[in-house]
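In what comes next, chain A is part of two complexes: it sits with chain B in the first one and with chain C in the second one.
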Partner chain A sequence: MLTGAGLVAGYTRGHPVLSGVDVEVRPGEVLGMAGPSGCGKSTLARVLTLLLAPWAGEVRLDGAPVRRFRHAAPREQRTAVGVVFQQPRLSVDPRFTLREVVAEPMLASGRAGDVADRVDELADQVGLTAELLRRRPHEVSDGQLQRACLARALSLRPRYLVCDEMTAMLDASTTAALVRVVNAHVESTGAGVLAISHDDSLLGVWADRVMRLAP
Partner chain B sequence: MTTTAREPRQAPLGAATPLLSVDRLSVRFLLGRGGRRGEVRAVTDASFDLRPGQLLTLVGESGCGKSVLASALLGLLPGNAQLRGTATLSTQDGGRVELLSAPESVLAGRVRGRLVGLVPQSSATHLTPVRTARSQLLEAVRALRPGLDDPAGLVDHLAERVGLEPAVLDRYPHELSGGTAQRVAVALALAGDPPVVLADEPTTGLDRPLVDRTVDLLAGLAEEGRAVLMITHDLAAARGVATDVAVMYASRLVEIGPAGRVFDDPWHPYTAGLLAALPEGGFTPIPGHPPELTALPDGCAFAPRCALLGARDERCTGRPELVRHDDRMVACRRPC
Partner chain C sequence: MADLVTSSTEDSSVPSAGGPTAPAAWRSAARRRAGTPRASIGSGRAARLRWIVGAATLAALAVGAVLLPWLGGLDERVLDYAAVRRPPGPDHLFGTDETGRDLLLLAFAGLRVSLLVAVLCAVVSTMLGAVVGAVSGAVGGWTDRLLMRLVDTVNAVPHLLLGIVIVALYRGSLTAVVASIALTHWTTVARIVRSEVLSLRQRPYIDAAISGGASRWRVVRRHLLPAVVPQAAISAVLLLPHAVWHETALSFLGLGLPPHMASIGNILGDGRDAVLLGAWWIVVLPSVLLIVATLAVSGVAATWRDRLVPRRRSELAL
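Presenting the complex of A and B:
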């Protein structure tokens, strides 16, 4: 279980964006998170992916408290939570090919041995062709790049996945396709998912339960 | 879901002659010097009319050529773009401007902002970060209406028109929420009182209530007699307010018609596929990928993904032309 208890977090001293949020992402379930712009959805995503240290409160990963965040977090905890952001173009290195984008977490975590096979397997899951894997971000569409970002997030077989407005930039067909990929990952690995979206009709068909964050 | 619950709007019947008439517009980008590395066919033979009171939404997947079409109409394409066809804008004094062949001086001096207003994607990044919303609106009003007695009064009027609190105008862009910045952008587009408004993905990144407010605002512009072209990949947003819808796939328009009828009974299998991919439509993605705009097939570009063909195991050869049936047009060789 990925839990946050009494989370207080923000960016400017004295102005917390989250003030005392409790959240519980259970294995094998998709927790939807809704709320208006600016209510702290993305801040909560950053705390739960260990990218932002909360000012107060505690994050626990399968029972173990997370004591350090960002680069200081132990690798075992850092790689247990995958993340897909809203804007694929802002979340990849523009100099990488899509193959390198997908392979990077495996290389960075010392699993270079099985990279080639694993990238092909992931590309197949998310629907990227070998030809697309050879391209760089400026040569593919938003939807194709977001497919690569999802493959990257799944590359280390995370026990939890945070999708922060993963489909907000995408058309209906690509949205449905990527949600299917996430659901297949949940079914095959029992991972827990936090799906952040402002689209109630999407969460209605995707999430097992929906939590609303107040502004 | 307020958006889907609303009745589809209808364009006023017998609406006047088109304000904007696009005929077989094609845009190609040559890659490498002189096209040595091939070409991107971004828009192919697009034809449509835009009348006063119409809110035409152009929908399609990202990368299908929608935004290029809008940029072409405003002369905002890069130098390696090659245009073909015509886009004729009728002016109120009975004159005509041919947008594709107009020199930059005409586009800058008469068209942009004055005859055609643009609401850009991600408005916050289009505003100058170091000046307040009011100062930018005032600059636009002074530039577009030089003879006006009371430009500050018009700024207040524009703000009221788009539902902005006067106090908000004195904020800097980083102090505006996404929805408020979008309203400032609409006010800017209206500064020159243009009869035609182009909105390029005006709702991307906004949450659902803000999407509804933005599209309602655009619908209001159509209701007061302007012609609005809204480009979007958000079918749910389009559905509530559009009078007409045009569906684009792989650089071509594949279906055009009154919004209510197209959404209720799509004729083109791609339109049907998009609607079936919506959460409330079954959430089934269209299999496969759209073709590359650098390597479009000769026949129907949708054939490899077509549900009609899959079921019947038939081949669809030859390119389907956009054919008119009453008030709708569809480019599909299957009988409808």
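Presenting the complex of A and C:
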């Protein structure tokens, strides 16, 4: 279980974006999170993916309290929570090919095994052809890039996945395809998902539970 | 104005002609777009002329520097006291100096040494600046503040003065000259690299890398350093002409290379008194060679900068 209790976080001293939020992402479940712009959805996503240290409150990962964040967090904790951001364009290094983008976490965490095979398998799951894997970010569309970002997030088989407005930039069919990929991952691994979106109709069909953040 | 109008219509036609399968078209379009407002600097006939003239001059100088000693079987170190202070003529195209050395050969030998010193200075100071800037930007906090105050301190002291102190401490030698120039010119690169790293650090792809288990060092090695290479390389090349002049100034003051090493600065320093005896060519002709060489280097460097920077922008698809 990935939980946050009484989370307070922000970027400017004295102006917290989150003030005392409780959240609980259970294994095998898609938790939807809705709320207007500026209510702290993305900030909560950054805290739960251990990328932003909260000012107060506690994050627990499968019962173990998380005390350090970003680089200071143990690699096992960081890689246990996968993340997909809203803007695929800004979420990949412009110098990498899509193959390198997907392979990078496996290389960075020193996972044994055949990385190339795993990349092909992931590309197949998210619907990327071998030809697309050879291209660089400026040579593919937003949808194709977001597929690569999802493949990257799933590459280490994370126990939790945070999708921060993953489909906001995408058309309906790509949205449906990516949601199916995430659902398949949940079914096969029993992972817990936090799906952040401002699209209530999407959360209505995708999420098992929906939580609302007040502005 | 007319230029701006035509280029904007060209730009609007690009997406339909290009699309995701035509990255080359995007790239050239971005380059054109970035170059247009500064047409006289970044693109067009003037820039092409600057590039061609600069490159051709550099090539001619390089060929001259390599081939001249071979052609006449001459050595710039040969003293000929029967031909002291000869004006330029068929035997000696640049004339001879106070000890009868052929000035053309001497000046080219000096240019070779000057360019060697300049390249060493540019490489050393750029690497130093890149490391300081990257550490400053990536680590932040007190380290950043300390390093930036160090940059301010180095900048606050006149470069030539600091250079003279360093040379005075370690005697005139190639190493001392390179050190004195490199240790005073890394600050610009450090600032550029630091600001680049600071803005890159905020990108979501760095967050994604951390989430993927990348260590601090891996983020620097895989994402930050490759991103600052183009900027650092441009700074290094733009530093070349400046370093040539610094070396010349130090040698002219008698604080640079040892007297037996030919360098433009040494030639000018030695020729100072000869000017009073009417031997103007000892000072003028090597100076002209130096000016031509530095102009050629900076012309090529500027063209390279203009071509490299817009391409990076289009890779980011901004």
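Basically, the second predicted complex is superposed on the first by the 213 of 215 C-alpha atoms of A that agree within 3 Å, B and C clash if a C-alpha of one lies under 4 Å from a C-alpha of the other, contacts with A are read in each partner's own complex, and residues count from 1 in each chain.
Going forward, a residue touches a chain if its C-beta (ideal position, glycine included) is under 8 Å from a C-beta of that chain, and two chains touch if they have at least 3 such contacts.
Everything quoted here is computed from the prediction, not taken from an experiment.
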Touched partner set for A:12, first chain B, second chain C, both or neither: neither
Touched partner set for A:204, first chain B, second chain C, both or neither: first
Touched partner set for A:70, first chain B, second chain C, both or neither: second
First, second, both or neither for A:176, with chain B first and chain C second: first
Chain B versus chain C as contact partner of A:37, first or second or both or neither: first
Touching both chain C and chain B, counted on chain A across the two superposed complexes: 141
Sites on chain B touched by chain A in the complex: 1, 4, 60-63, 177-179, 204-210, 233, 235-236, 273-275, 277-281, 283-286, 289
Residues on chain A engaged by chain C in the complex (per definition of touch): 46, 49-51, 70-71, 75, 78-79, 81-83, 85, 87, 89-95, 104-105, 108-109, 136-141, 149, 152-153, 155-156
Contact set on chain C toward chain A in their complex: 20-21, 23, 26, 203-205, 207-216, 218-219, 222-223, 226-227, 314-317
Residue ranges of chain A in contact with chain B within the complex: 36-38, 86, 127, 129, 141-144, 168-177, 179-180, 198-202, 204-206
